[in-house]
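Order of writing sets the labels: A, B and C. Residues in every chain begin at 1.
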Amino acid sequence: MIMLRSFLNALRGLPRPAVVTIGVFLALGLFGPYVTPHDPNAQDLLMAHTGISAEHWLGTDHLGRDTLSRLVASARTSLVGMSLVLVIALSVGVTIGTIAGFKRGWVEEVLMRIVDVGLAMPSLIVALAVIGIFGTGYWNMILALALAWWPGSARISRAVAVGVMNRPYIESLRVLGASPARIYFNHLLPTTIGAVLVYATAEAAAVALSIATLSFLGLGIQPPTPEWGQMLVDALPYLEEMPMQVVLPGLVLTAVVVGFNLLGESIALNRVPVPLPRRVLKQRRSIATTWRKATT
Amino acid sequence: MTAPLLQARNLSVDLFTVRSALRPVDDVSYSVGQGETLAIVGESGSGKTVLNFAPIGLMPTGVVTDLHGSLRFEDIELVGLPAARMRRIRGGRIGTIFQDPMSALNPALRIGRQIAEVAELHLGMTSVQAEARALDLLKLVRMSDPESRLRQYPHELSGGLRQRAMIAIAVAAEPKLLIADEPTTALDVTVQAQIIALLKDLQKRLDTAIVLITHDMGVVASIASKVAVMYAGRIVEYGSVDQVLLEPRHPYSTGLIAALPRPEDKAGTLFRGLPGAPPIMGAPQPGCPFAPRCPLVVDYCTDVRPPLAPAPTGSAAACHVVNDVPHREMAHA
Amino acid sequence: MGTLIAIRLRNAAALLVLATLLCFTLVVSAPGNVAVLIAELRTPKATFEQVRAVETELGLNDPLVVRYGNWLGGALQGDLGVSYKTGDHIGPTLGSRLPVTFTLVAGGACFAMLLSFALGFVGALWPGRFGDAFTRITALLGASMPSFFVGALLIYFFAVKLRLFPTFGSAGFSSWILPWITIGLLPAAVLSRVVRVGLEEAMAMPFALTAAAKGLSRRASLFRHALPNIAPTYINALGAQSGLMVVGAVVVEPLFALKGVSDFFLQGVLFRDFMVVQACLLIFLTFFIIVNLIADIGIMFTDPKLRRQGGAGT
C-alpha cells in the first residue's frame, strides 16, 4: 500500500502530453497485436514498397509487410523488453542498495564502490561488451542492458534507504524490539521500492532507446520480430526511394521517448522560479483593480 | 529646507506571483533628506523590504510588481521610470546593502572584480582604474590587508569582512542614497557594532542618506534620525527617533518598544510580547490592520482607515484613538 | 591545489588498473573454449592437436596471473593481440582507426558546446518568449531522437535531396559535418539543459539581485555573474557527455561508413571477436578515465572553493 501510494503521489500532476503518449504506448503494447490490420510478419513480395493505399495505410516495406501493423506490433516488443530490463535491473539494484543502506559500514563501502565503477561506464558500452563476449540473442540483450542499468537504481535505493533508516520511527521500532528482518521487509523495502519506481519511469526512455539502438546495430531484437530500430535499419538501404519507411519508425520511437523524457523532466523537481506567465499576471492584476475601487 | 532627496507620496505596491496577488505596501508616505537616516522598523512580512526594493526594480524572478502613487528621487519620478534609466540610478545614485553578504556576493568572482564592476559601469572607468578604485574602497571600508582581499573570493572572508565588501560595492559610485536591508542581522553581535559605526562614518564622509530596514531597536537608536514603523504594509507611526522611541503614540509601536528587554528587568522576567499575530498579507483591508490585536480598539477601527495624521507635538500616528477627538468625529461623519 | 591534482592522478591510475582487470576478466569469463573457437576459425573441423597448438600459442594454459601479466605487458607496448577473425594484429589497426574516432568525437563535442550555449542562452535571455519555447522543444527532441534516426534524416535531406554533403566517406571537412551533427545533437540537448537550468538557478540566487542593484542589465548579469557559476557543472557534464559520444560513435561510424575504433568495436561485438572487443574496451575505458581526469582538473580551475583548497586562503 505504501508503495502504491507513494508511486501514485509522485505521478500526480504530470504533463498532459506525456500522459497521452505513454498511455497510447502502453495501450498498443498491451493490445497492439490484436488490433493490427494485417499480420505484421506476413510477407508479400509482390506488394513490396507500395506507397500509401487503402489496404496498407502507411505502405509496405521491402518484403511487402504492412508498415502500420509492424509499427503497432513493435510497441509490444519495446514494452516487454523495457519492462524486463527495468524489472531485473531494479530488483538487483534495490536489493544491493537497500542492503547497503541497511547494513552500512564496510558492506556499504564495498557495494557502493562496485556501483561507482558501474556508473562510471556508459550503459551501452557495458551492454555491447557483454553481448560481444556472450553473443547476440534476445535474453543476452535483456541481461546485458539490465547489467548496465542496475547501478543507477542501486545508488538511488541506497540514498532512499539511508534516509529511511535515519528517521526517528525506525529507531523507536528498534527500541520496541522489532527484528531487523521486520524493519527491512515491512518498513525499509516498501518505501524504497516506491521511490525507485519513480526513478524507473525516468529511466524508461533511455532503456527504450538502447533496445532500439542495439536492434538497429543487429545485436538486439532479431528478425522477424518487429521492432522500430530494426524496421529503420531494414528500410535504410531504400532511403532514396522510400524515405517514409525510414521516417515512420523513427518518428514513433521518438514520440515514445519524448513522452518518457517529459515524464522524467516533470519528476526531476525543478524548483527554479520562472517568470510569471502573462495570462496569470493578467488574472492577478484584475484582482488588484478591485482593491483600488474598494480602497479609494 | 530644500526638497527632500527621496519622497514617497501615497505609494502602494501590488505584488503578483504564480500563487497570489497581494498588496505588501499600502498607501505609504515618507521622505528622506540629504545625509539623513530613516529607519524603517517592522516585523518580517510587514512590507518594509518590498517598500524599498520594489520601486527601484529589485525583485526576484517570478514576481511582478505594480506601483501606484509617487516616489521622487532627486527630482526623478521613480514610479513608471523605464528600466534602462532605472539601471543608471541603481548602483550609481542609489546603493544597496543586503542582509546576507554571503549569498549576496557572487561566489565565483573575486572581491576586487565585484567592486570594480560598479566603478566601470557608473564612473566610466577602465578596468585598471576600477581596480585601483576598488582598492581605495576597501581601504575606505577599513578592510585589513586590502591588497590581498582584492584577489580573494567571498568564501575566503569572514561574515564581517564580507559585509564590508558589500558596503564597498554599495558606495563604489558614491551614491546619494544607501538602502540597507537588515545589514547587521546575519552578523555576530560584536561585528554588528563595527558595521554600524562604519555606516555612520561613511555617511558623514560621503554625505549619503541612508534608508535602514531593520527590526533591531538598538540599531535604530544608534544611527537613525527618523523612524517609520510599519505594520501590515502601512506606516503606522512616523517621526523623529526621539519621538518614536521615547514617546511612541501608536498602540503598535508602544507595544513594540515596551516589548524590548530592559536593564532593570529581573532575571526570569517573561517577555512582554504583543498578543495575537500579524495578519497574513493579501488584499488591502478597509480599516486599521492592527485592530484585531489593539488594546485601544473601538468599534469603527475595523471599518474606517486611520490616516497618518501629524500631531501638533510628537510623531504622526495612524490611529483613531490616540489622535484628537475632532478627528474621530470627522471619521464618524 | 597541487595536492588535489595529485590525488586525482592517483585515482585515475588506480581506475586504469581496474579497467585493465575488467577487460581481462571479461575475456577470461567468456563462455566456450576459446581455443576451439579459434582453431575452428582457422581450419574448419580442427583436430584435437590443432586446438592444443592454439592453446600453447596463446598461452591459454598458463596461470591467470601470468596471462594477465603477459597481456598487460603487451598492451603497454601497443600489442593488443591478434583478431580471432582476421588474424591481423589489433594494435596497428587501432592506430589507423583512432584518428577517425577522435576527429568524430572532438568535432561532435565542439558542435555540442556551440549548440548547447546557443540554445541555453536564447532560453535564458528571453524566457517565456518564442525563442524559449523553440529551444525547449529542440532540446527535448535532441534528447529523445535516436542518433540513427537523426543520421538517417540528415543523410536524406542534406545528402540525398539537397546534395550538399557527401553521404559517406572521408573527403575532407564537408564529409564530417553530418557525422558531427549526428553525434553532437544528443550531448548538445543535454548540455543545453545544463546551461539553461544552471543560468536560471544562478539568476534566482541573491547575488543576481546584487548584480541588478549594481545597475547591470539582465544580459550583463547572465554573462558576467551567472556564467562563471555554471562553469564547474558544465565541465562536469561535458566530460560525461564526451565519454558517451564514444557510444554514439558505435552508431554514427557505421552509418556514415567511417572506419573508426567504434566501428571496429562493433565488428568485434558482431563476430564475437573477443580480442577486438577487449582491445577497444580498453581504449574506451582509458578514454573515459582521461576525459574525466581532464574534467576534474577543469572543475578545479573554475570552482574557486576547490582552487584554493590547501592554498594560502584564510
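Just so it is clear, contacts are C-beta pairs under 8 Å (C-beta built on N, C-alpha and C of every residue); 3 or more make two chains touch, one makes a residue touch a chain.
For clarity, every value in this text was computed on a predicted model and none was experimentally measured.
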Can you tell me, using the touch rule above, whether these chains form a line, ring, star, complete graph or other shape? complete
Between B-C and A-B, the pair with more C-beta contacts: B-C
Starting from the mean Cα coordinates of chain A and chain C, work out the distance between those two points in Å. 23
Using the average of all C-alpha atoms in each chain as its centre, how far is it in Å between chain B and chain C? 54
Hey, what residues on chain C touch two or more of the other chains? 200, 204
Out of chain B, which residues touch more than one other chain, so two or more? 60-61
Touching at least two other chains at once: which residues of chain A meet that condition? 273-275, 277
Can you tell me which positions in chain A touch chain B when the two form their complex? 273-277, 280-281, 284-285, 287-288, 291-292, 294-295
Along chain B, where are the residues that touch chain A in the complex? 14, 16-18, 20-21, 23, 26-27, 60-64, 66, 68, 283-284, 286, 305
The residues of chain B that touch chain C in their complex are 56-58, 60-61, 84, 87-92, 95-96, 98, 100, 103-109, 117-118, 121-122, 152-153, 155-158, 166, 169-170
If we count contacts the way the header does, which residues on chain C are in touch with chain A in the complex? 15, 18, 22, 26-27, 29-31, 127-128, 140-141, 143-149, 152-153, 155-156, 160, 197, 200-201, 204, 243-244, 246-247, 250-251, 254, 265-266, 268-270, 272-274, 277, 281, 284-285, 288, 292
Chain C-touching residues of chain A, taken from the complex the two chains share: 117, 120-122, 124-125, 128-129, 131-136, 205, 209, 212-213, 216-219, 229, 232-233, 236, 239-240, 243, 246-247, 250, 253-254, 257-258, 261-262, 270, 272-275, 277-278
